[in-house]
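The structure is given below, and queries will be raised subsequently.
Should a chain be cited, it is by its letter among A, B and C, assigned in written order, with residues numbered from 1 in that chain.
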Amino acid sequence: MRQVSASGYGRRRLTDALFRWACAAAVMLALVPLVSVLYYTASRGLGGINLAFFTELPKPVGEPGGGMGNAIDGTLKLVGMACLMGMPVGVLAGVFLAEFRASRFATAVRFAADVMAGIPSITTGMVVYTIVVLTMGRFSALAGSVALAIIMLPTVTRTTEELLLLVPGTLREAALGLGVSKWRATLRVVLRTAAPGIATGAMLAVARIAGETAPLLFTAFNNRFWSRGLDQPIASLPVQIYTYAVSPFEDWHRQAWAAALVLVLLILTLNVTAKLLVRHRVGAR
Amino acid sequence: MNRRGFLFTLLAAQAAWLLLGCHGSEQKPTPASGASGEPAQAGPVSLNGAGATFPYPLYSKWMAEYNRLHPDIMINYQSIGSGGGIRQIQARTVDFGASDAPMTPDEESKAPGKLVHIPTTLGAVVLAYSLGGVPELKLDPEAVAGIFLGSITKWNDPKIAASNAGVNLPNTPVVVAYRSDGSGTTAVFTDYLAKISPEWKDKVGVGKSVKWPIGIGAKGNEGVTGQIKTSPGSVGYVELAYAMQNSLPMAELKNAAGKYVKPDISAITAAAAGVDMPDTLHVSITNPAGETAYPISSFTYLLVYEDAADPVKGKVLADFLWWAVHDGQKLAEPLYYAPLPGPVVGKIEGRLKTLKAAGQVLLSKP
Amino acid sequence: MPPSSSELSLVRAQPRILRRLGREANPGDLIFRALAGLFATLVLITLLVMAVQMGHASLPSLRRFGPGFITSTEWDPVRDLFGAAPFIYGTLVSSFLALAIAVPVALGVALFLTELAPTWLRQPLAFVVELLAAIPSVVYGLWGIFALAPFLRDHVEPGLAKSLGFLPFFRGPRQGYGMLAGGIILAIMILPTIASVSREVFRAVPDTYREGALALGATQWESLRDVVLPFARSGLVGAIILGLGRALGETMAVTMVIGNRTEISASLFAPSYTMASVIANEFTEATGDLYLASLAEIGLLLFFVTLLLNIVARLLVWRVAMPSRAK
């Protein structure tokens, strides 16, 4: 710590106050676009939400009613499958990186995760198209979830790693000192402590993939009917939003905004549920 | 324990839902052929198609209507772009493709079988603009080329004023909006520009994506529409439906016969009627002869294999195409598509009758 | 692989015979380490497979244009002439602009959430920040076209041009659509990522550190600056790199507001084009081997740009953190 003198105290207090105001201003600034986008989405989308929206299939333009039941079902399935594939791999890879920090192999994996974070989602879609779709000979929900799992991997991996590193070594050593084996110590003590943070990382990843359009275009395709199997094309909210939003028809635009609102609410529900499940009982900051 | 129990219940529910989704592929259809005109399948049939964005509203209307008439037949079309449609039909990941611009011989040779173009409907590319106080604008070919080449920069340029006597054109810059993404709309528009302007043909050329000399690139028809709506003094090329739905004023264009034509449905059909349809069933109809023809019109095509891999799917597709070029045409106009002229339908009928699978002709029509 | 310090301390405590049986003291540990290692390998393999696939798809373009592809400013699909320079410029500038805007704001938000806000406000506010992440990029794009771009054109850019017009960054025609709009929308999109992860990092710093500094008479700002931030440095860099990655690869929203023009211009008002945008815009329609290969090569180049930036970032952190790194 630097030397502090009584005569500089006034200046120090000023800096402290400026800092507080700067942070508050940052929060205000961050809220402006959020409020604007939410207002935009809600004002245009709220009118289109009704029970039919959740249960019916899309109707062609000019016919009233219809909904996006198949797209909601599709998004849940795609995100669900992507999580099943991406979460275990991501979390365990993150554990590996935290446990074996210094090895060259770990450095390579860390780099790999960071670089993967920068690959545009459409490129991921292209690669999965070549590897999965062309091999299977058809578009499928499976291909779509593989693409989404790859996209979510870097966020989950790196967040897990960083948060595990921040768990104090004392916790771990205490467990080891009590005779707990290493893997148990890692899982039950360290991972559990870092769980809320890892959940945040996971939710960030889920939010990202739930809203992705480009990788699904060439993998999951889209389907105006209920999907009849995981190896068939499947509808999804972002693709449907995009298809409707770029059309010339006001009716479809309204449905696109309604779908956007539903998607946001869906992600938030997942977010809140995950947070509730991993909430610390003691000493939450 | 409560929390963990809840978590397990959630996971179990999600797993159950996913498993419910694992129906596996659709049932194998029985190969027996039924009475003529009726699709010979025992269970539901799903077809997938991909391609151009332009006809998406019409195709989705057709497929919904067809599903109403034949509840067992589910045809699913997704607009991923003409190029995407061509690639998917080449790779046979879909049952049919769709493209605004016809396939090049090079593209056709890459397909594992012979591909047939079936024109399905007609559309027009219009020049929409936003110029306060100017509800009607006439543009001759020289003015159009000048604007998009960048030689005309102000709205009151003499070349524009010459066609618009009595209209008060402001002295404001012309802001050009073009399509940044590759598209059939661009292909049609540049095809027209190349025909009316040797300078364009030389400097820029024709294509789904070209190097625009000037302007702002917006994504998709809706992007150009948005640009025009929010920037005064803009002009851009969009499909008819977008201009109509967004109430954008459209320029009247001077056609090859020297008449100024508004882009309405009858003018588009007139453009197609004036051109001879070759046996390949694809042709450019920009800048055609014809007094009432709108100069920037085009066909859009569905791409199917002459020899279908699956007899049942092939039959379903052939029947659908027959329906689309006859009954389906009635559904076109309310959505701003122009119906196919009679002689073209006749040629299409002849072609559809040659579609086969496993050596057998699919359609048995007189 | 050199053993970590915790492994060594554990191993040294074991009887010699067990040490000879291998580094792991019990089968559970062995399985765990093998499994974790397997999945880490999976991550690496995924990336390698993607890189190989992208490389393979770019071959025709690599063969035809060679290294000149990186510096060429030609992008003419009609004449089959392609070059990546305008896109590289657009990606780098828009991403750095986004970082320049987002990082201070995100850190400010994260600090506010963990240090300054009253306890009752923290959860709801954190929720609100995560709300930003929940909005799909296509919605941001549409908002950008109809709300952000006109706002910039009518209210922000004229002001900037008047006051800072002597700089080359703020000159030229103003349409609303352009580099500035692209940078701002990217900043909004990466803000929640950086803010959320930073918040988690700050939360993980033990209170004892803060309290120690405060007990010595530091102001809250000083305790943060001198104690918390150094401790959290690696985590924060990780958060920023994640944000940067997202910015480099973001497609939909950017392409709707950036103007999509293959030109290199110093002005922030001018339309620009990013690598991710050109792939998204032209891939669906492209036919023609060279065209597709060029687009794939742009993807490959983006991959290398990301790699390079990551190396630079890591070197910076290593340089700065090495002396003080306790772990």
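Heads up, the rule we're going with is that contacts are C-beta pairs under 8 Å (C-beta built on N, C-alpha and C of every residue); 3 or more make two chains touch, one makes a residue touch a chain.
Here the structure is a predicted model, which means the values were calculated and not measured.
When every chain is reduced to the mean of its CA atoms, the largest separation from subunit C belongs to B.
Top-ranked chain pair, ordered by C-beta pairs in contact, is A-C. Subunit A and subunit B have centres, each the mean of its CA atoms, that are 35 Å apart. Rounded to whole angstrom, the centroid-to-centroid distance between subunit A and subunit C, based on C-alpha atoms, equals 15 Å.
Counting only residues that touch two or more partner chains, subunit C has 146, 280, 283-284. With touch defined as above, residues shared between interfaces to two or more other chains in subunit A number as follows: 217, 245. Looking at subunit B, one finds that residues 80, 84 touch two or more other chains. Listing the residues of subunit C that touch subunit B in their complex gives 75-79, 145-146, 149-150, 153, 175-177, 255-256, 259-262, 271, 273, 277, 280-288.
Interface of subunit A with subunit C (complex): residues 1-2, 4, 12-13, 15-16, 19-20, 22-27, 29-31, 33-34, 36-38, 40-41, 88-90, 92-93, 95-97, 99-106, 108-109, 111-124, 126-127, 130-131, 150, 153-155, 157-159, 161-163, 165-169, 172-173, 176, 181-184, 186-187, 194, 196-197, 200-201, 203-204, 207-208, 210-214, 217, 237-238, 241-242, 245, 260, 263-264, 267-268, 271-272, 285. Within the complex, the subunit A residues that touch subunit B are 58-63, 76-77, 80-81, 133-134, 137-139, 141, 217-218, 221-225, 227-233, 239, 243, 245-250, 273, 277. Interface residues of subunit C, counted against subunit A in their complex, comprise 1-2, 4, 6, 10, 24-26, 28-29, 31-33, 35-37, 39-44, 46-50, 53-54, 57, 104-109, 111-112, 114-116, 122, 125, 127-140, 142-143, 146-148, 188, 191-193, 195-197, 199-201, 203-207, 213, 216-222, 224, 226-227, 232, 234-235, 238-239, 241-242, 244-246, 248-252, 275-276, 279-280, 283-284, 296, 299, 302-303, 305-307, 309-311, 314, 327.
On the side of subunit B, the complex with subunit C involves touching residues 80-84, 86-87, 104, 106-107, 175, 180-184, 204-211, 215-219, 223, 226-227, 230-231.
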